[in-house]
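Which chain is which? They are A, B, C and D, in the order written, and residues in each are numbered from 1.
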Amino acid sequence: MPMELRSGYVRASGYANKIRKVLFAITRGRAEPEEVVRAAAELNQYLFGKFQELGVRKEDVVRISIGFSIDGGKIIWDYDSLKIEVYRREEEKNLAQAMEEVEEREKALDEAIKELENLAERLRALSDEISEKVEKLKQEHSGLKLQVER
Amino acid sequence: MPMELRSGYVRASGYANKIRKVLFAITRGRAEPEEVVRAAAELNQYLFGKFQELGVRKEDVVRISIGFSIDGGKIIWDYDSLKIEVYRREEEKNLAQAMEEVEEREKALDEAIKELENLAERLRALSDEISEKVEKLKQEHSGLKLQVER
Amino acid sequence: MPMELRSGYVRASGYANKIRKVLFAITRGRAEPEEVVRAAAELNQYLFGKFQELGVRKEDVVRISIGFSIDGGKIIWDYDSLKIEVYRREEEKNLAQAMEEVEEREKALDEAIKELENLAERLRALSDEISEKVEKLKQEHSGLKLQVER
Amino acid sequence: MPMELRSGYVRASGYANKIRKVLFAITRGRAEPEEVVRAAAELNQYLFGKFQELGVRKEDVVRISIGFSIDGGKIIWDYDSLKIEVYRREEEKNLAQAMEEVEEREKALDEAIKELENLAERLRALSDEISEKVEKLKQEHSGLKLQVER
């Protein structure tokens, strides 16, 4: 089944992250995270070369679309269908500035998610500790079936 | 290093649990749970035969001691050192009744620990769910390093 | 509705804890924890005086029963119904030693429960922290209804 | 101390959320959430009237800046300093479309945060349940100090 990835408008400096985020969102449940990461990296590397050819600077805004298919869990890019639009900062001043703001906001969001991730990791460690303590309580103070007996 | 397990006074009906609990407590950190379970089961089976020979009834009280060693992580019983004391209910009425009460209290404790174990399992499942949700948030809404990239 | 508290056999040194534990268990759902604590303390103080009169030593074993009623959430002891049995260590050697062992085991259980309580407290603090972080994420990065708007 | 709120470019349909999010971010630690919500609502209502006068449609892009001060915990808008820029869709096609995309992404983020909030609420309920169970264990099976005794 042919699919299409559309990056939407994005500051050139952040195209790689945007490609990956969009690819995760549109392939959810159809491809393993490892494959999404790999495929995004492959495309991003290709785009990097193209952007150099086109003289794209990080403050320009780009918009990318490309077709792909998923075959046996693998994401295959149809490079012939690749479309790249470039909006130069000097010609699209408001757009460029708006996309710069979006990038700033995303950095703040990254920070907040990072903090939440740390809390989630502490929660996992603590819930493991609680399980172990309950298991020890069972071993030394109960006649209940133990984990090793299951 | 020679060690000794002393069951203390216990109602005959509950000797197997008591042996296991005491063995867990005194070997903590020196033997794997699987080995403690195995060794307790081995001794308990041996005791079961002995109790039948001695005509021990579940309402009698017993007290067991036996030497053992831990060699390469394995618990080895020194059956020659086994001592079994039996206190018949009719001769030690107060002791027998007291041990019956202890058994009742332990059943109530088992119930409470069982409930706690269920809560601990729900906690682990929930903390896994939270981690997965945060990971999905990272995949689709952040530029942060993902778990598959570590 | 008249009820009865029976301590069962207990080492004299631990009668107060036993009275309280049993009172909690048999009044569960019918009296507030504060009232159980108060009523247990009242009875225990009374028993303390009685034990002194009787010359009970901590290594003896006692058994107490007393009637009570719950009226308007309040626990009222029927002191006329109080029965105290005392088993002197020298006369009931096995019983006394068995109850001493029970006391030892209970101390180990107390330790284990204490550790679990610390983990439960850390869990509450951590889950509060996670809620606050999610709320901050909502405030600064979402259009979702906030807690202060509920 | 005079401060300034700058909305940045935002689709007119989403100005109210943007004002609130930015106000939360820049007043963090200096104003209570209730006051931030109140002040954002006050400004948003004023802006709503202004947008109607200016014939702003939801698909246009706006940019707002306004000075304010915080006095005794209260946020006071300096309406004289209010600046509103309006970018009509037909004149700024790329900008308008980019901001529409941003709005779409924010809705997806809202969904993800909402799910996380539900998990955080379940975690709080579960950790309360665990604390209660541990407290009950203490009441009926330990001599430990109870919560009501603290």
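Note that a contact is a pair of C-beta atoms (placed from the backbone, for glycine too) under 8 Å apart; a residue touches a chain by one contact, two chains touch by 3 or more.
Source: prediction; values computed, not measured.
Chemist: Counting C-beta pairs in contact, which comes out ahead: A-C or B-C?
Modeler: When A-C is set beside B-C, the one with more contacts is A-C.
Chemist: Farthest chain from subunit B, going by the mean of C-alpha atoms per chain?
Modeler: The most distant chain relative to subunit B turns out to be D.
Chemist: Could you put a whole-Å number on the gap between the CA centroids of subunit C and subunit D?
Modeler: Result: the chain centres lie 47 Å from each other.
Chemist: When the centre of a chain is set as the mean of its C-alpha atoms, what distance in Å lies between subunit A and subunit C?
Modeler: Distance between chain centres: 53 Å.
Chemist: Using Cα averages as centroids, what's the distance between subunit B and subunit C in whole Å?
Modeler: 25
Chemist: Which subunit D residues reach two or more other chains?
Modeler: Each of 25, 108-109, 113, 116, 120, 123, 126-127, 130, 134, 137, 140-141 in subunit D touches at least two other chains.
Chemist: Which residues, counting only subunit C, touch subunit B once they are in their complex?
Modeler: 8-9, 25, 61, 87, 92, 94-95, 97-99, 101-102, 108-109, 116, 123, 130
Chemist: Which residues of subunit B touch subunit D in the complex?
Modeler: Listed in rising order, the residues are 105, 108-109, 112-113, 115-116, 119-120, 122-123, 126-127, 129-130, 133-134, 136-137, 140-141.
Chemist: Across the complex, what residues on subunit D touch subunit C?
Modeler: Touch list, subunit D to subunit C: 14, 17, 20-21, 24-25, 28, 33-34, 36-37, 106, 109-110, 113-114, 116-117, 120-121, 123-124, 126-128, 130-131, 134, 137-144, 146-149.
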